[in-house]
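Each chain carries a letter (A, B, C, D, E and F) given by its place in the written order, and its residues are counted from 1.
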Amino acid sequence: MRPLTVDFLRRTLAYDGTQIGPLWAYRTFGLQGDSLVAFVGRCAIPARHMIDQDDVRRGARIASPRMLHFIAEHFDTPPDLEKAVLRQRLFSTLVLEELRARGAEGLRREGDDLFTPREEKLSISIATATPVSTKFHFGINVIRATGVGVKTAGLRDLGVEPKPFAESLLEAYRREIEGVLDARTRARGAL
Amino acid sequence: MRPLTVDFLRRTLAYDGTQIGPLWAYRTFGLQGDSLVAFVGRCAIPARHMIDQDDVRRGARIASPRMLHFIAEHFDTPPDLEKAVLRQRLFSTLVLEELRARGAEGLRREGDDLFTPREEKLSISIATATPVSTKFHFGINVIRATGVGVKTAGLRDLGVEPKPFAESLLEAYRREIEGVLDARTRARGAL
Amino acid sequence: MRPLTVDFLRRTLAYDGTQIGPLWAYRTFGLQGDSLVAFVGRCAIPARHMIDQDDVRRGARIASPRMLHFIAEHFDTPPDLEKAVLRQRLFSTLVLEELRARGAEGLRREGDDLFTPREEKLSISIATATPVSTKFHFGINVIRATGVGVKTAGLRDLGVEPKPFAESLLEAYRREIEGVLDARTRARGAL
Amino acid sequence: MRPLTVDFLRRTLAYDGTQIGPLWAYRTFGLQGDSLVAFVGRCAIPARHMIDQDDVRRGARIASPRMLHFIAEHFDTPPDLEKAVLRQRLFSTLVLEELRARGAEGLRREGDDLFTPREEKLSISIATATPVSTKFHFGINVIRATGVGVKTAGLRDLGVEPKPFAESLLEAYRREIEGVLDARTRARGAL
Amino acid sequence: MRPLTVDFLRRTLAYDGTQIGPLWAYRTFGLQGDSLVAFVGRCAIPARHMIDQDDVRRGARIASPRMLHFIAEHFDTPPDLEKAVLRQRLFSTLVLEELRARGAEGLRREGDDLFTPREEKLSISIATATPVSTKFHFGINVIRATGVGVKTAGLRDLGVEPKPFAESLLEAYRREIEGVLDARTRARGAL
Amino acid sequence: MRPLTVDFLRRTLAYDGTQIGPLWAYRTFGLQGDSLVAFVGRCAIPARHMIDQDDVRRGARIASPRMLHFIAEHFDTPPDLEKAVLRQRLFSTLVLEELRARGAEGLRREGDDLFTPREEKLSISIATATPVSTKFHFGINVIRATGVGVKTAGLRDLGVEPKPFAESLLEAYRREIEGVLDARTRARGAL
């Protein structure tokens, strides 16, 4: 079992919010342990599966015709939501880097959100805790979404191909998490 | 008491590794609670204050004639080294962003290290846990350091002025941490 | 975002046990972060919303025609039920103090319960953990409740007006929690 | 092994700050597990044993010719300073109650400090974390202390005899902690 | 309240997976605090109560006509699944020891599973976390189970009487957990 | 980096209690991450390096002319002494199994101690927490120790060769810990 297993799913898969549940990767693909799974598919999250209570309050519509999705799960003991958010933020910076490396210019990150220079929203993301793990979902539009209350853009607008982009990101996150593990196994405490 | 207090010290201060100890900002400046403090000064860390045991093993010389230092402290309950490392990595990405925003090109981050396109090391960093908090130090050369076993570069080589750069970073980290707090107080769990 | 936000709701609100759920204050009022919310309303908790399994076992009837309710939520990372109980106990002592300050005599606290000198029960309380926070509910009768298996009394019997009493308590708890934060950000560890 | 062992030491013992260290009760008296130990003796804490870094900064003199001391230790896994502070605060409210029960009037608690109506300070207290436990010290003057920078008063001024007072408090804290354990072993989570 | 309460239920009870839920022993028998409860009864776990997601994935049939069941609950603060698994493993070694003490030879433990020399599976086990505790179930066949996809054996095949065997195990686990508590209240940290 | 790295040191090494300190394996051998290291050497622990405060109190002499030592380190986040003790106990059961597999009969484990049928003590062990990890030491006499206040025996008395025995144990613990990781990454919570 490796520190973090990463996988890109060949078939498309619709994201409906159930994938944020505990052990989804294991139940669905037999992929066990800390993991980051990427896949392409539409996105439509019914209110009962929304994690962000601001979305629930506002009656937000979270949907996109085609997104590149990432689902991370870390089996923290004990589970700690703050770690989930910190990892989610770190992942967001990797997405930004990877988009730039592929020629996208003027992008801006604000928390876990990415925007184009024209203030079009590229992505959605949420971090959460389960009784046995912490997880985050990061979805970036492939095709721009409409009717979601904000201007959006997608990878297609940026001229970025989802699959190689996803594969680079999976590898970048794997290295990052390996680096975190490396850092916390060579530092002594300060008294 | 705010989520995170940030401060730039006007006077120079030498970093000798004692500043990574618990409550340094409080003991020294009366700055209480979660904080990020920046200051300029030389760097020389004797082996007994080194946190990274790889440095100790290799008999590394950690020194720089003039660095811009950042010391973060978070009063996690309980203290958790992994959070410290995750925050340190996130801070490293902010440093990289801020350098780019000031015209530096081709920089590369690897874990908590920043490099110029000529593979010169710009920075040093360590994260650690104390019995009451988690902390990280991030130091970026103002003037390049010599005799430390690797090629280095500094802010001066990049044409970046330490003070305004530091102030932007302090504000960027403050916003980032506020965003983390925001994210973890609006998400429900996933069962 | 302040260490603890407190609020007294002007409109009455029935307590039915759903308010102990995670992020209730945020979902309902947009009140984000650690908080203590007070409101007046009747109390009737169906068995499926009871947290105390002793109540469930005994088939207890938890009801009151008019209570002053307090709901606290703290976003501990990780959530820790013991902290919730300790805070609940501390809050109970503040309630007792505030009642005395308003002339009530001979009151007695036992755990999280308050009694009059005639052994009438004034209050009900429960502490619990959610996947993202810890919470407690403290309800004190305004009007005495009947048919609940024990003798009860209420604020009216003590000549205490709910609103100013609640406002003093909100402020007292805010100070207390600020004091706890102060204490844990100035103490070093003991080795 | 009981949830909390309490003990009143017959012989006097000077408090010099070393008693806040981990396992003091076990090393010194063979008293194992969670405990609250009371003893009478003078108090003089050299700077190197001070836990509160505000005292260190101010160059405070922490001393008293004769105090009633309480040392609590809880073997939390993991140790969590916030729990230590919450328990310390709860203990402070018990001290206040017990003083009132013995006729002292007009006393005021502010955080972990107790004051007479004439704003004389009665007590000192600190909570801390060790690598294996959390602890607090609570000291209340028997005889008033002088030369410590604030007006003080002691149990003698309040007409309170240390030993029976201590024994009541030990028992009150034992009941309180037992109540906390009771509360956290009968509540289900809220989802 | 003792460190661990143990109990052998006189009446038979069918295990259907609901007993792994939080506070089952308290809700059902009023048995409060950390506990290990043993009982005899058939076993049939519908998919919706299965904890092991491998069983769910494989559509496993978990059933036995007559098993000796053990349910442990520990009120860890915070709950930590890894502790639950470690305790479950330790319990498995005690089961093995106790079977040997009663003459069973050539038994083999692999993780939480016990096998006869003929590779017949004797037991099933799962560890889990609840919002307020950690738990494990360990079931050992009394009569061998059929139609469960593997060869099985039971206590009857080993000539072991369930009740005295269970009583020895309850006592062995009680001693073991007491020993763990003893060990963690006499060791100092290493810096 | 594997879940647990195990290593048998070819050269002898005296155990003096410093090896229980954080990151010993990394500082000394560059062995990073969770690990179990075995070596042969004499044992003499000065009081200042004793972890068990019972040994300190009794003025115990902990020494042996030749022992087989095991040092485990797990980088728990946060460090939790209870996990260290649970793993230590589990390791003790593996030692017992391995000795039996090599023909030793009638051995008895009590907590972390192993005894021969003649009540000779075979082993010493301690578990502790560091600011960044949890650790245990398990030492088993190769040659019997004298002058330590109890009757002892060693591997030689049991006819067990240290090296192959150690190698089997290293592998058994590696499998055990891998099994623990497996178990906690396939179980859902119970609500």
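We adopt the following convention: a contact is a pair of C-beta atoms (placed from the backbone, for glycine too) under 8 Å apart; a residue touches a chain by one contact, two chains touch by 3 or more.
What you see is a predicted model; the values in this text were computed from it and never measured.
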item: Neighbouring chains shared between chain B and chain E, ordered by label; value: A, C, D, F
item: Neighbouring chains common to chain D and chain F, by label; value: B, E
item: Most distant chain from chain F, judged by the mean position of its C-alpha atoms; value: C
item: Copy pair chain A, chain C: interface residue numbering same or different (half cut); value: different
item: Identity of the chain that, by mean CA position, is farthest from chain E; value: B
item: Matching chain pair for D-F (criterion: over half of the contact pairs shared, by residue number), options B-C, A-C or A-B; value: A-C
item: Rotation angle (°) superposing Cα atoms of chain B on chain C, nearest 5; value: 180
item: Length of the line joining the C-alpha centres of chain C and chain E, rounded to whole Å; value: 38
item: Distance from the mean Cα position of chain E to that of chain D, given in whole angstrom; value: 41
item: Inter-centroid spacing, chain F versus chain E (mean Cα positions, whole Å); value: 26
item: Contacts with 2+ other chains: residues of chain F; value: 22-23, 26, 53-54, 75-78, 80-83, 128-132, 182, 184, 186-191
item: Each pair of chains that touches, named by its two labels; value: A-B, A-C, A-E, A-F, B-C, B-D, B-F, C-D, C-E, D-E, D-F, E-F
item: Residue ranges of chain F touching chain A (in the complex, touch as defined); value: 1, 3, 22-23, 26, 32-34, 75-77, 130-132, 178, 181-182, 184-191
item: Chain E - residues contacting chain F, complex; value: 20-22, 51-54, 76, 80-90, 93, 110-112, 126-131, 135, 176, 179-180, 182-184, 186-191
item: Chain A residues within the chain E interface of the complex; value: 23, 26-27, 30, 75, 77-78, 131-132, 189, 191
item: Complex contacts: residues of chain B adjacent to chain F; value: 53-54, 56-57, 78-83, 128-131, 191
